[in-house]
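Take a look at the structure below.
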């Protein structure tokens, strides 16, 4: 089941640089693990912004919230979720 | 080169039903031709709305505008385009 | 799986009154059938508006879109869907 | 009498973690007491956000404000209240 | 129980002038009947707009929706309802 | 001459609690003095928010600004002013 | 007493051109009469828009609403009113 | 003196196609005459929209309004004007 | 050449009171010098807000930006500029 | 390939003035290097704001994001990107 997820990152200036670097590394590792598992099939950077559009493929709303809330950057992101359905003109 | 495209369809009640049906059929055919050509790799319905989120893969801004402005439903849609870039954490 | 759905109804003045009455009667029948089936567990009127907040309980995004797009008033509504998850403080 | 209540939580980074933990524990206890009393019949997490949609069942506007303003997280939340009425198509 | 109600009137140009005049006369009569009954204690014109801010004093959300939806101008108004509570600094 | 005034209070966490308490006490005293003088005839709490809707009855725009800018909480409030006129359907 | 008034004009295409021309001529005459009387001291066109920013100098909110609602273009305008006060740095 | 101008075109379905075609041809001729005269140095299509971003080079606000209000499509456009100044880092 | 300028002041609580007082005094002096020179013909307080609406009379966009960016409060203001043109109904 | 880019700068008061000055100098140098290379053909100040509108000429979305994310002021800017296409009426 697919969802379009928009994430805007906003790391406060008060966060120590090493701490920020550690969180970003954790985020990358967690993200790639989900991508390899097929749960996060698309991850694109929004041009000019510290933001991304992603597509998640999960079994339920609960699984999606569980997945997103475990993102190391979760406390520093504004996330918007749009549920997607099959389009009648899609050839997939 | 990828772009996220959001399309909201709003067909006026004054359009004759047969005309609307013809335009929608043309739209479907045109859309599927672009999908088969690899120019429109993703097409998803937004749940609960007469709208879609799509990803286009084209060579330039000009090609994208040319492609979108030829959509049979173009005069009846509000379209928003977001250019996408490779994300540093993406495994693709 | 639960979703909060906000529906704003806007029937154009150009729709014949009998036609509008027929559509509303169909909407009521369809809505009550879904309520009895447990798919539409909550339906509330927004005070002062021709709008409602509803909760749907369905198996997937596709089922929700299929259900909503079959609403007889669908062409005359602006619908917004918010996916819901279990809250850690909920006793249910 | 029912109200839909939307709460967005925003705990400032300047709040000490232990203090934040204590407030959240108090919030959970207070919330569950109101749920058991039938005053807070529904509490759902918004997927991807530190936010909830809730339904309250109280006797008056004054009781609702009194209840909400006593939430331990009240100083850290943006709350929006929508009064609900019985829907003519509801089977309840 | 008090509610602040904001009403913006928008009568379509397609409505026949006599019909519009009749609806406005009905609205005035209905409004004054509710004012005399103490249900609509305040009714103010917003300067420069075909709009008003009103205060209603009713027993429940249901009564308020019932009252507002019977306004002869209801189909031509955008209404927003804000529930009010006693303010701790109020001398009333 | 009447004005609807909407005030949203936002006291920064950096303000010392005793200082905040003193300002709130001053605000209450000042508010009640204006209410007794008939300048602030209505003061209502917005349910669920640290905000109020008020009606002021003053002789001029200048008097209103002078009155509002002397509120002890003025530096911590977002204020919106809507001038009101007599409504032709009002019985007052 | 001064007010900044923003007017956006939107004449529907369904209005007969001669009728529109007559209303605009009436508007101009009425506007110039108020300007000569000192009630409408400033009238500026917003560059690129069928809109104006104006300053009115009247004795009360009621007089302003009375004046604005008599504008021949009133039914075709969106009007926003901002009450103005003397600025402490103004040399006037 | 430069201004960034954003134009969104919205031709109503009620306009006869030949009339619309004639207006668009006039618009193109008028636009190219201004471009050749150096008054409209940049004209770009917004990808996916019936809209453009333009830069005008004129001597005054009055000249810009005069120029824009003579656009044959002026009655069918929403125009927003942003005055531009020399940037201290610009090499031009 | 006239421009309507809207300025919203927001002085951060972290600025030392004496520093803030000095900046405000500088702002007042600079403002009055521009008023005496005829460059800032109107300066009005927005009722209830720490904001003003002003009219500037300058020779170019560059002069306006130069003038505004030298305001001592410039770093603490949100400024919006609207270019104005002569209105065909204005008697001035 | 052209893009309109809107940048709003917001340097936090907590940044040391020398650090801010160094970043601005780096920004200017980097900007002028890109202008000389033809990648940043237009750079205009928005009158009254610490913001600019720019036009970039790059080969791809990826190049644009790479270019923008290397701006020394990138962490302190809100950037919005609008892809541009050739306009059919443009003489260029």
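For reference, chains read A, B, C, D, E, F, G, H, I and J in written order, and residue numbers begin at 1 within each chain.
Everything below uses one rule, namely that contacts are C-beta pairs under 8 Å (C-beta built on N, C-alpha and C of every residue); 3 or more make two chains touch, one makes a residue touch a chain.
Everything numeric in this text was worked out from a predicted model, so none of it was measured.
Asker: Count the touching C-beta pairs: is D-F or G-I ahead?
Answerer: By the number of C-beta pairs in contact, the winner is G-I.
Asker: Can we say the copies subunit B and subunit J touch using the same residue numbers, with more than half in common, or are the two sides different?
Answerer: Result for this pair: same.
Asker: Matching residue numbers in more than half of the contact pairs is the bar here; say which of B-J, D-F or G-I clears it relative to C-E.
Answerer: Going through B-J, D-F or G-I one by one, only D-F repeats the C-E interface.
Asker: Rounded to the nearest whole Å, what is the centre-to-centre distance of subunit A and subunit C, using the mean of the C-alpha atoms as each centre?
Answerer: A distance of 29 Å separates the two centres.
Asker: Give, as an integer number of Å, the spacing between the C-alpha centres of subunit E and subunit A.
Answerer: Each chain's C-alpha centroid was found; their separation is 45 Å.
Asker: Using mean C-alpha positions as chain centres, tell me how far subunit E is from subunit F in Å, no decimals.
Answerer: Centres of subunit E and subunit F (C-alpha means) sit 23 Å apart.
Asker: Going through subunit C residue by residue, note those that touch at least 2 other chains and give them in order.
Answerer: 2-3, 45, 47, 61, 64-65, 81, 83-86
Asker: What pairs of chains are touching here?
Answerer: A-B, A-C, A-D, A-J, B-C, B-H, B-J, C-D, C-E, D-E, D-F, E-F, E-G, F-G, F-I, G-H, G-I, H-I, H-J, I-J
Asker: Name, in rising order, each residue of subunit F that touches subunit E in their complex.
Answerer: Going by the criterion above, the answer is residues 2, 4, 27-28, 31-32, 35-36, 42-47, 52-53, 55, 82-92.
Asker: Okay, in this complex, where on subunit I does subunit H touch?
Answerer: Where subunit I meets subunit H, its residues are 1-3, 60-62, 64-66, 81, 83-86.
Asker: Help me check something: in the complex, which residues belonging to subunit B touch subunit C?
Answerer: Spelled out, the residues of subunit B in touch with subunit C are 13, 45, 47-49.
Asker: Subunit E touches which residues of subunit G in the complex?
Answerer: Answer in residue numbers: 3, 5, 12, 14-15, 61, 64-65, 68-69, 79-81.
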